[in-house]
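Working notes for the structure below.
Letters A, B and C mark the chains as written, and numbering starts fresh at 1 in each.
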Amino acid sequence: MALQVEDLRVHYRTTKGDVHALDGVSFSLEDGEIVGLAGESGCGKTTLGKSLIRLDGRMRHVGGSAVLDGDELPIGDDRAMNARRWKEVSIIPQYSMSALNPTRKIGKMTAELLRARGKSYRSLKGELVRRLELVGLSEKVLDNYPIELSGGMKQRVVMVLSTLLDPSLLIADEVTSALDVTNQKAVAETLVKFRDMGFVKSMIVVTHDLSLVYQIADTIMVMYAGRIVEKSPAETIIKAPKHPYTKALIGALPEVGLEYGDERLKSIPGKPPHLLEPPTGCRFRDRCPLASEECFQEPPKVVVDEGHEVACWKAEV
Amino acid sequence: MSAEAVLQTETVGKRNEHLYFALRNPKVAIGMSVVLLLLLAGLVGPLFISADPMEYIGPKSEAPSADYWFGTTYFGQDVFAQFVHGLRSSYLVGALGGGIAFVIGLTVGFTAGYRGGLVDEFLNMITNVVLVLPALAVLIVISSYLEVRGVVTQAVIIGLFSWPWVARAVRAQTFTLRNRDYVDLARLTGKRAPQIIMREIMPNMASYLLMSMILLFGGAILFAAMLDFIGLGPSNAVSLGTMMQQSMAWSSLHLGTWWWFVPPGLAITAIVGALYITNVGLDEVFNPKLREM
Amino acid sequence: MGRYFRRKLLIYGLTFVIAVSINFAVPRLMPGDPVARMLTRNSVSNPESSEAMRSYFDNVFGFDVPVWQQYLNYWAALFKGDLGVSVYAFPASVSSVVLDALPYTLALLLPSILLSWVVGNALGAKAARNKLLDNGVLPIGYILTAVPYMWLAILLAWLFGIILGWFPVAGGYSFALTPNFSWPFIVDLLHHWVLPFLSLFIVALGGWAIGMRNLVIYELESDYSNYLQALGAPTRLIRRYAFRNAVLPQITGLALQLGVVVGGALVTEVVFAYPGLGSLLLNAVTNQDFFLLQGILLFIVIGVLLFNFLADVVYVLVDPRTRLGLEGGQS
């Protein structure tokens, strides 16, 4: 098992109080698994991605653990995390277009970064060039400044750079949201290729675009208001969702929704709850068409099928 | 319509929130207090002290005392009387000079940014020219030709030469705002350019405009003080700059009459410094990210 | 890149033309006749100078030719280096009087500008990553940017010159000495130079420190800094990048601030009676020596434009984005 996350809790500090961005998240990831992490914006999916590699200034690790390849990740300890970053956990950030220092040639920046991490640029350069060519870039980009590359090229450079040290876990954070449809597909395929070629062992693909992640993920997790509400093989989530929120999310999806034939696009009425003081019981209750008395209690985690878990009172086994 | 109503209540809420945080921000509170206190001194002071600050009323070069709070000049003028009158001129120059620069900068910036094309090329060129022109040197030449110089004339010529950076910034921001959806919408509904600029674009950079106005105000005061010090101050009024000039001209340094040159410089530093600090505070208010740090 | 420089040069050329035109127009637009006023005033006190003025005046300003011809004559005289004759330093020409004073001003300006830029940037960059230092640098920096140049000069002169008596407070060198290349004279020169230099240096310091602090903080929060942090880059590397990228706008800032610093140098010289352009300017103003005044303006404009161009060249050399000509178009 590559990654085992237990009851992870991360809070966001604001002037109004702590926002419970991750409120008891548990899941595991197999070697070679690509898991898609979906949900509306503000549900905590980006926080989950960040907390596995680097909490930003206002995030606080409150509880829970993450074990990667048998070693616990020191999530709350920025300094101790540093040794694990890039080599064991890596990220392709949302902002790939601006992730490279604009005043350094890409090759020079890579060399300086590698040297700072105690690696030799010279011995890794061959591999770097090979991987750049794999994504359709020539060695010449190393002599370019970021501004000389197109958005798609920068994205590919960042993908190669992030995975250069063959990390166990890669977090791809909304990597396709800034791209057009053709590029989206290419990037998604590249992610799969990286996994297949062993550049990364397992991968968490954070996205709000279910239809895209469906094409590449083995497993999909759906988050709502700081918690995972449903986890199952990708096919199952789309074809036979159990949680009312997942169903609504699928219903709100144009492309995949079409596969259902007469299933029409419908948006989910209402807004997710505020996470300053999260409500007790099921958090989707207020927007849920099926909500009843029992939903005021914490919903149970129901295993409906092998690898298919739902946190809902209404999930019939 | 309902969406518009929601939008409006949201901006109102935001404004109230800004005011709330502005009043609670210590930098804004301290800065504004200093500025207002000295303004009050400049407004009220002259009413209670002799109307003519140039009048020879007492002993010469006397140190501060209960009678003459800031002492007297080489000629026996009351330094405190000159000081409060000088404050008045400084605020006037700041408000008027800064105001003129603000209006010009805004007009040029909005026009260039909104119209684009050749108009923009032309205005941008002028802006860049005035930007590299060493303003003080030009002001010196112009003022020296004036036979009679007043606070107002001084403020006007200062205003005429200190607008370019505002124009530049406003132009850049207008560029990014003019293609937003709500601006397009306003254009489609047939609103005219000035109306769109006033109603749709300006409110979205209000915080920035307020802060530039404050900087221009402070800048005009400093400019005026330098002109006054070279002897190009108002010929009919006292200013903080002319006080320093006079004290140097009548060898205050060697006579040790420090009370003549310390208060005016200190007042300028206090006003301008307080304005800058207010600006830092406002920045924290308008950028919640800074507020939370 | 070619486009970038062509554009810059066009702006500088235009600025020069406008400065000269202001010089030409101001005396003609002002109410009354200031030139005639100056001449009558001087014919009483100094008939000889008046005569020289009159001939230059007739030559260039002659009112019997149309305005456009006057304007052309003005440019023609300018290109011959003829800026007229100084009234107050008669019979010296304006150019020679200005050139005599120029070295003093440059000796004050160049070291104080460059040093305050370097020290201010270093200080600001340090403050950006040290809360304790930041709490000191920020308020002091803001106060310094608010201090009128001449007031700090006066305070320094009073404290170190009069009260402590460490430094002289007037002149470029002692009256007892004649300028020559001997040690005593050079030491004396430096002795007089310290206070005015220090004054300019200190006032300018605050602005650079604050600017650099804000820029470094901005760079440290930028996407590329975040990415480097996520890849476990050491703080040292991230700060080095942030500093380097933050310096770039400060180079442009140096050029833009120049006009203000030159103004500061003028009033500082006045305080210390330092024999540079500032003191010359004061003399020109008090003596209503308009030709000298305009000559000084012209020299300042040329100096500022040259310096701006230099800053542009440096900027292009250090910023790949401009060098690649992809972003350099707009200025």
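For the reader, a short list of remarks on this structure follows.
To be clear about the criterion, a contact is a pair of C-beta atoms (placed from the backbone, for glycine too) under 8 Å apart; a residue touches a chain by one contact, two chains touch by 3 or more.
Quick caveat, the model's predicted, so the values are computed rather than measured.
Ranked by distance of CA centroids from subunit C, the top chain is A.
In this view the innermost chain, defined by its CA centroid being closest to the centroid of all protein CA atoms, is B. Between subunit B and subunit C the centroid-to-centroid distance comes to 22 Å (mean Cα coordinates, whole Å). Averaged C-alpha coordinates put the centre of subunit A at 50 Å from the centre of subunit B.
Note: centroid distance subunit A to subunit C, computed from Cα atoms, is 55 Å. For subunit A, the set of residues that touch two or more other chains is empty.
Against subunit C, the residues of subunit A that register as touching in their complex are 53-54, 56, 81-87, 90-91, 93, 95, 98-105, 112-113, 116-117, 145, 147-148, 158, 161-162. Those residues of subunit C that touch subunit A in the shared complex are 222-224, 226-234, 236-237, 241, 244-245, 248, 319-321, 324, 326-327. The part of subunit C that touches subunit B in the complex is made up of residues 10-12, 14-15, 18-19, 22-23, 26-27, 30-32, 34, 37, 138-139, 142-143, 145-152, 154-155, 157-158, 161-162, 169, 255-256, 258-260, 262-264, 266-267, 270-271, 281-282, 284-286, 288, 290, 293-294, 296-297, 300-301, 304-305, 308, 331.
Within the complex, the subunit B residues that touch subunit C are 125, 128-129, 131-138, 140-142, 144-147, 165, 218, 222, 225-226, 229-232, 241, 244, 248, 253-254, 256, 258, 261-262, 264-266, 268-273, 275-277, 280.
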